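Two complexes, one shared chain (subunit A), two partners (subunit B, subunit C).
Moving on to the complex of A and B:
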C-alpha cells in the first residue's frame, strides 16, 4: 500500500497521458511561481500593485501584444521620446537662456495612439521655466499647442486639452494631431480617420531664467497594446497580477488542502480510536459544521473583520476541520481499527498516539492522495470567488482580484476580453492540471475504479 | 474426591502466570446506555502455568478462547478475578510497569494476513516493538531484527528485510508474526490458533518451529487450537474450554487417552468418527446447539447437550473441579 507501492504507483502513472499533461501543467505553474517570487520580490509586488507613479508610462486598458498580433497587428505600442536624445539648441538672452528641443519621432503604426502626454522635469530653478509647444507634422503643417509655466514635475496631458480639440475640428488631440490633413469630427463619423505616417516633431521652446536651471522632457505616445497581459484601468501591468497570482493561488490551495486534510484525518482517526464520547462529540460537531454554509461565513468574516488572505486561509481550515469528509474517513478507518495488526501493536505496547498516527492514518493515505490533489483547485477557486465578491486580499495581486477589477470596470461590456479571459484561463488550467493528475492517481491507487 | 482434597501439582513449580476466578464479560448496550446483558466470554477460569511449560487450550468456536487470550495479554480488563504474572496482579500495573509487562508477553495471532501492517516492510514492522520499547540505537535494532528472523528460519535475513507482507507466503508471514512476538524476549508467548489459517503443508512446520523456540528459550507457551489430533506433540497440558469455562485439564496423553468430561469425550468421539478423521480441523461438534454466552445454561453449561445429564443436579449446582485421575481435573458431577 505504501513504500514499495508508492514507487510502483508513481511508475504506473506514466501510463496515463492525462496524468502527464496534468503534471506538466502543475510543473509549469510551479515554475512560474518560483520565477515570480524570485524575480519580483513580495514587497515590491505589493508596492507596485498599489498603483500610481510606477505605471505612469503604461497605457490604460491596453490589450496584450499577442492579441493584436493575432488580429493582424496595426495597434501601436507605447512610444517614448526623450529630450536626452534630441539635438538641443541653446541661446542666451538677457535674464536667461532659451532651449529649443525638437522631440522628433517616426510614427508608422496604422492605428492612433491611445493618449498623448508630455512629462517635464525641471530642476535648479528659482523662477519657474516657461515652455511653448509647437506640433510639426510630416507634411509641414504646424499646430501651436500653447505655452505653460512649469513646476518641478509637470504632466501636460495633450489628449485632454479641450481647446486644442476644438481647433483640431473636434477630434481628440491624440487622433487629430496624427491624422491625415483635413480630417474633422464630422468626416470622421463617415470614414474612420487614418494616420498620416512619417516624421513628427514636437518642438519645445523652453525659457530658463536661472543659471543652474535644467529641463528634461518626455513625450509619451501611449500605445493600444502592452506586454503579455495588457493593462488595467489604473495602467497597472496585468502580468504582475497574473504572475503573482500563481504562487498565491498554489500556496492558498495547497495550504488549505493540507490544513483541512491533515486536521480532519487526525480528528477522524482519534474519534475512531477512542470511540465513546470523543467520537460522539466529533460526530455531532461534524453534523453541525456540515450545515454551516462556508461561503457566507467567509463573506461575513471578510466584511466585518478583514479580508487578509491568511485570515481567510485560517477560517477555511478551521471550518474544514469538521468537514463532511470526517464521515468518509471514519467509515474507512472503522474496519482498520479492528485489524489484527492494531491489536498486535497494542499487545506490544504501542501508545494511542502511535497507533493513531502510525497505524491507522497511513493505511488510508493512498486512498486520500487523489482526493487531496483534486481538493487543491477547489480552494484556489474559493479564493478567486472571494476576490470576485470583493473580498480578496486588500494588498496581494491575485487572479481573483483581476477578475474583480474587470467586473467592476465592465470589462466585457467595454470589449476588454483579455482582462477576464487571462485570469479565467489560468484558473481553469490550474483546475484542469490538478484534476487530470488526481483522476489518474485515483485509478492507480484505487484500482477498483479502473474498470469504470 | 473432593475438589480441594489433593494439593495441586503445578503449585509446586514456580508459576509464571496464574488466572484466578477470571471473568471477562462484554456488556451489550443499546444507544450507548441501555443494558441488554453481557456476553460471558470468560466466565470463571482458574489455572496456573509454570515456567517453560507448553499448554493448549481447545474448545469449539465461540467458547471464549480468544477472549481469554486477550485478557491474559491485558487487552481486555477482566470483569472479575485477576491475572497474576510473576507474582504481580495485572490489574495493578500502570504506565511503565504495564508497558514492561507487554514486553514480557508475546502474541501470535490467528490470521497472519491481517496481523502485519500492510504498509510496512519486514524491517520496519519488526523495528516497531523495539522503538516502542525505547531501543534507540539503529544498529542494535538491526542486529535484533536479523537475529529474530534467523530464529524463525527466515534466512538469509537480507532477503526478507525489505519485503512487504503481501510479497510473502502465508507461512513466511506467520514466521514474521512469530519473530515480532519474540523480538522483545518475552517469557510467555500466547498463540491464538497460530496455524488454522495456513495451508496444511506448513502447519506442522510452524508448530515445530514454535515448539523448538519454546524449548530453546525456555518459554512458557500457551496456544489455542482446534486441532486435537496434533496437540499431543506440541503441548504438555491441555485445557478444554466450554462456554467460557475450563471444563477439563490434564497432561496431554492422559486427557487424550482417558477423557473424563462428557464434553471432551464427545469432542474426541467426533475425531474418531471416520467422516471427520481425515479432516484436520474439528468440524463435527458434539450434537446440539452451541451454548449462548449471553444467556448461558444454568449450572453445568453442558447440560442441555450432555448424554449423562442428571436432572436436579447438573442444572441446579455448578460442578466443581474434581480430580478423577492424578493431575487430571474435570468439572462434572459424574466424578462425585
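Moving on to the complex of A and C:
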C-alpha cells in the first residue's frame, strides 16, 4: 500500500514544472559534488586552500574569463615565459660561464598585465650567480632593469621596483615597460596609456661561477582574468572553493535536515505513544528550547570552542531535536494513535518500540518529506551565515567563507563583483532547487493542499 | 459537557458552570505560569553555562587580566626603576584585586547560581569590557541604547511584511488560480534565502553599480543637525535593509497565508454562507477572518517577539547599530553579562507572549478550557 502511494506521488510530481526544475538543479549540484570529491581529494583541497606556493603563478584578484568575454575581451591572461624555451648563448671564461638568455614573448592583449615578476631558480651554486637584465621593446628601445645577485630561489618583483618606476616617467613598471613610447604619468592622467603590441624580450645576462649548475628563469606576466571563477586576494583560484563548497553545503544541509527531522519525529512519536510524564518532559524541553536563541548560541560555540563545521553540525542537530516542530508532529500523531490498525498491532502483541517505529512514524512520513526538503536550504544558508560572520570552518573552503573573504577585502567597494556574485548565485541555486522541489512535494503529499 | 448541562433551563447550574470554568481557568493559568517560569529558569541557566563555557571562560579571563596588569605596570614610567621582585609583587596584587572584583576566586557553580538569580530578578549588572556610546558600563544602558535602532528597522520591515501579506493573501484567495496567484506560488521558493543574502545583492546594485543609496550605517556622517533632515537620512539608510527583509519574506508569507485562507474558505459553513448569497466582504469578515483570527494573532505576537532579537547577520551586513550586532560584539569580547542580559530579556518576552497566547486560547477555544489545556 505504501509503495503505491509513493509511486503515485512521484508520478503526480511530474505534472509540476517547478519540481522538475528543482530536481534538475539538485541533480546538477550532486553531479558537481561527486566530480569535485573525486577530482580534488579532500586533503589536497585543504592543503591548496591554505594557500602559498601553489598559487604563485596566479594573478591577484583576477576576474573570471567569461566575464571578460561578456565585456568584449581584451583583458590579458597570465603569460609565463620560461628559459627552457629560450635559445641560450653560452660562453666560458676562467672560473665560470656567461649565459645570455633572451626571454622573448609576443604581447597582443589590449590591456596591460596586472603584475610583472621574474622567478629565478639557481640550485647548487657555491657562489651566488649574478644577473643583469635588459628590457627590449618591439620598436627597438632598451631599458636596463638593473643587476641582481641571485640565491637558490629568487623572486624579482619588477612591478615593485620604485627606481625603475621613476625612470619610466612615474608609470608602474608593468604598464611603463609595455606602453607606447613617450608615455609618462602626467600624460597618462590625460589619456590612458595604450599597449604597444609586438615582440618583447627580457635579455638576461647571467654570470655563473660554477661549471655545471644551471639557472632557470620564468617571467610571469600576470593577467587580469583567470579561469572560470577568478582569483582572490591570496591568488587562490576561487573555482576550488566554489567546487568544494558544493559537497560541503549539500552534506551540511542534508545531514542537519536528516538529523533534526528524524530525531524530532522519533521523540514526538515516543511522547505521543507513552503519554504521561514522558510526554510532559518532552513538552517542557521543547519550551525551554524555544527560549534559547539558536544563532547566538552557535556564534558563542564558534567563538568560544571551535568553528569546525562538524561541531557546528552537531550543535545544530542537538538544538534542533526539541524544536517547535515537535508540537506539529504531535498534533498529527495524536489521532493516529487511536487508529484501529494500532489497536490491532497491540492485540497481536507488538512491542512498544515496534509500534512507534513501524506503525506510528511511517504514517506521517509522506507529510514530512516536503518539510524535510524545504529544510535543507535553511541549513545551507545557516552554514553560509556563520561563515559570513567569520565563524566558517577554519580549513574547508566553503561558499560562505568566500563571501566572508570578499566582505573583509571590501570586494564590492573595489569592484570585484564576481567575488561576491558567484558564491551567492550558487547559494541561491541550491536554495531554489530544494525549495521548488519541496513546495511541489508539499502540494502532492499534503492532502489539504491537493485540491488547491 | 458542562455547557450542555448548564444550558438546561434553570439559571443556577449555568452560573455554577461559569464559576467552575473560571476556577479551571485560574488553575490552568497558575499551572502555565509555573511551567513558564521553570522554562525561563532552565533556559537562562543553560545560557549562563554556555556563555561561560561551563566555567572555562574564567581561565581565559584570568590570563587576560594577568597580561593586562603586567602590561600596565611595565608601561608605567613610575615603576621603571623598581626591582623585579617588587614589580612582580605589584602585578600579583593587581591581578588579585581584579580577580576579586570579578569574583573569579569563587567556584563557577556558586557564581552561576548567583548569576541566575540576578538575571531572573532582571538585575543585569555591569558589563566587563563593553560600554554604551555614552560611556555607561551598565548592561541595561548598553542594551537600551541599541534597542530603538533594532525596533525601528525590524518593526518597519516586519509590520510591512505582515500586513501586506495578510491583505494580499486575502485578496489573492478570492482570485485563486489567476496569473498573479500562480506567479506568487512560483515565487515562493525564493524565500529560501535569508534577508542578508538579498541584502548583499541590493548593496551591490543600489550602492555600488548605481550609487543611489548608502551601503550601510544608520545615518549620514556627520549626522545632519535639523531633525527632519536626520529623519530623512535615517529613512534613506533604512531603505535597503527593509527592502532586503521584505524581499526575502514577502512571497512565502503571502503563499502561506493564501493557502491558509483557501483551506478555511473551502469549509462547509463558508460554502453555506455563499449559497445563502451573502456579499463576499461579509463572508470574508465573518466567516473566514473570524475563525482564523487566533492563528493570525499568534503569528502577529510571535513576529513582535522576533522583532526584539533582531538579526545578527543582517545588521552586520548593513552595519546597522542594533541589538544583533551588539550581541555579536559581546560574544567576541566574551562579555558574558551582556550576552546573558540580552538572552534573559528575550526569554522573558517570549515567555510573556506564550503566556498571553495560552490565556487567549483558553478564552477563545472552549476545548482548551474543558480538557485543562493542551499539555
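Here is the rule we use: the second predicted complex is superposed on the first by the 447 of 452 C-alpha atoms of A that agree within 3 Å, B and C clash if a C-alpha of one lies under 4 Å from a C-alpha of the other, contacts with A are read in each partner's own complex, and residues count from 1 in each chain.
Definition applied: a contact is a pair of C-beta atoms (placed from the backbone, for glycine too) under 8 Å apart; a residue touches a chain by one contact, two chains touch by 3 or more.
Only a predicted model underlies this, so the values are computations on that prediction, with no experimental measurement involved.
Aligned on subunit A, subunit B and subunit C: do they clash or fit?
These partners fit in the superposed model.
Check the contacts made with subunit A and report whether subunit B or subunit C touches more of its residues.
Larger number of subunit A residues touched: C.
Touching A:31 in the superposition: subunit B (first), subunit C (second), both, neither?
neither
After superposition on the shared chain, which partner residues are touched by A:432: those of subunit B (first), subunit C (second), both, or neither?
Once the two structures are laid over each other on A, A:432 reaches subunit C alone.
In the superposed arrangement, which partner chain does A:359 touch: subunit B (first), subunit C (second), both, or neither?
first
Now for A:413: first (subunit B), second (subunit C), both, or neither, which partner does it touch?
A:413 sits against subunit C, while subunit B stays out of touch.
Can A:347 be said to touch subunit B (first), subunit C (second), both, or neither?
first
Under the stated touch criterion, which partner chain does A:374 make contact with: subunit B (first), subunit C (second), both, or neither?
After superposition on chain A, A:374 lies in contact with subunit C alone.
If you've got the overlay open, could you tell me the nearest Cα approach between subunit B and subunit C in whole angstrom?
Nearest C-alpha atoms of the two chains are 6 Å apart.
Which subunit A residues come up in both lists, the one for subunit B and the one for subunit C?
Residues common to the subunit A contacts of subunit C and of subunit B are 280, listed in rising order.
Flag every residue of subunit C that touches subunit A in the complex, lowest number first.
That would be residues 35-36, 38-40, 42-44, 46-47, 50-51, 53, 56-57, 176, 185-186, 188-194, 196-197, 200-201, 203-204, 207-209, 215, 259, 262-263, 266, 309, 312-313, 316-317, 327-328, 331-332, 334, 339, 342-343, 346-347, 350-351, 354, 375 of subunit C.
Can you check the complex and tell me which residues of subunit A touch subunit B?
Residues 1-5, 280, 339-341, 343-351, 354, 358-359, 362-363.
For the complex, give me every residue of subunit B touching subunit A.
Result: residues 32, 70, 73, 75, 98-99, 102-103, 105, 107, 109-111, 114-121, 124, 128-129, 132-133, 164, 167, 177, 180, 184 of subunit B touch subunit A.
Quick check on the complex: what are the subunit A residues that touch subunit C?
It is residues 18, 22, 279-280, 283-284, 287-293, 295-297, 299-301, 303-305, 374, 377-378, 381, 384-385, 388-389, 403, 407, 412-413, 415, 417, 420-421, 424, 427-428, 431-432, 434-436, 438-439, 448-449, 451-452 of subunit A that touch subunit C.
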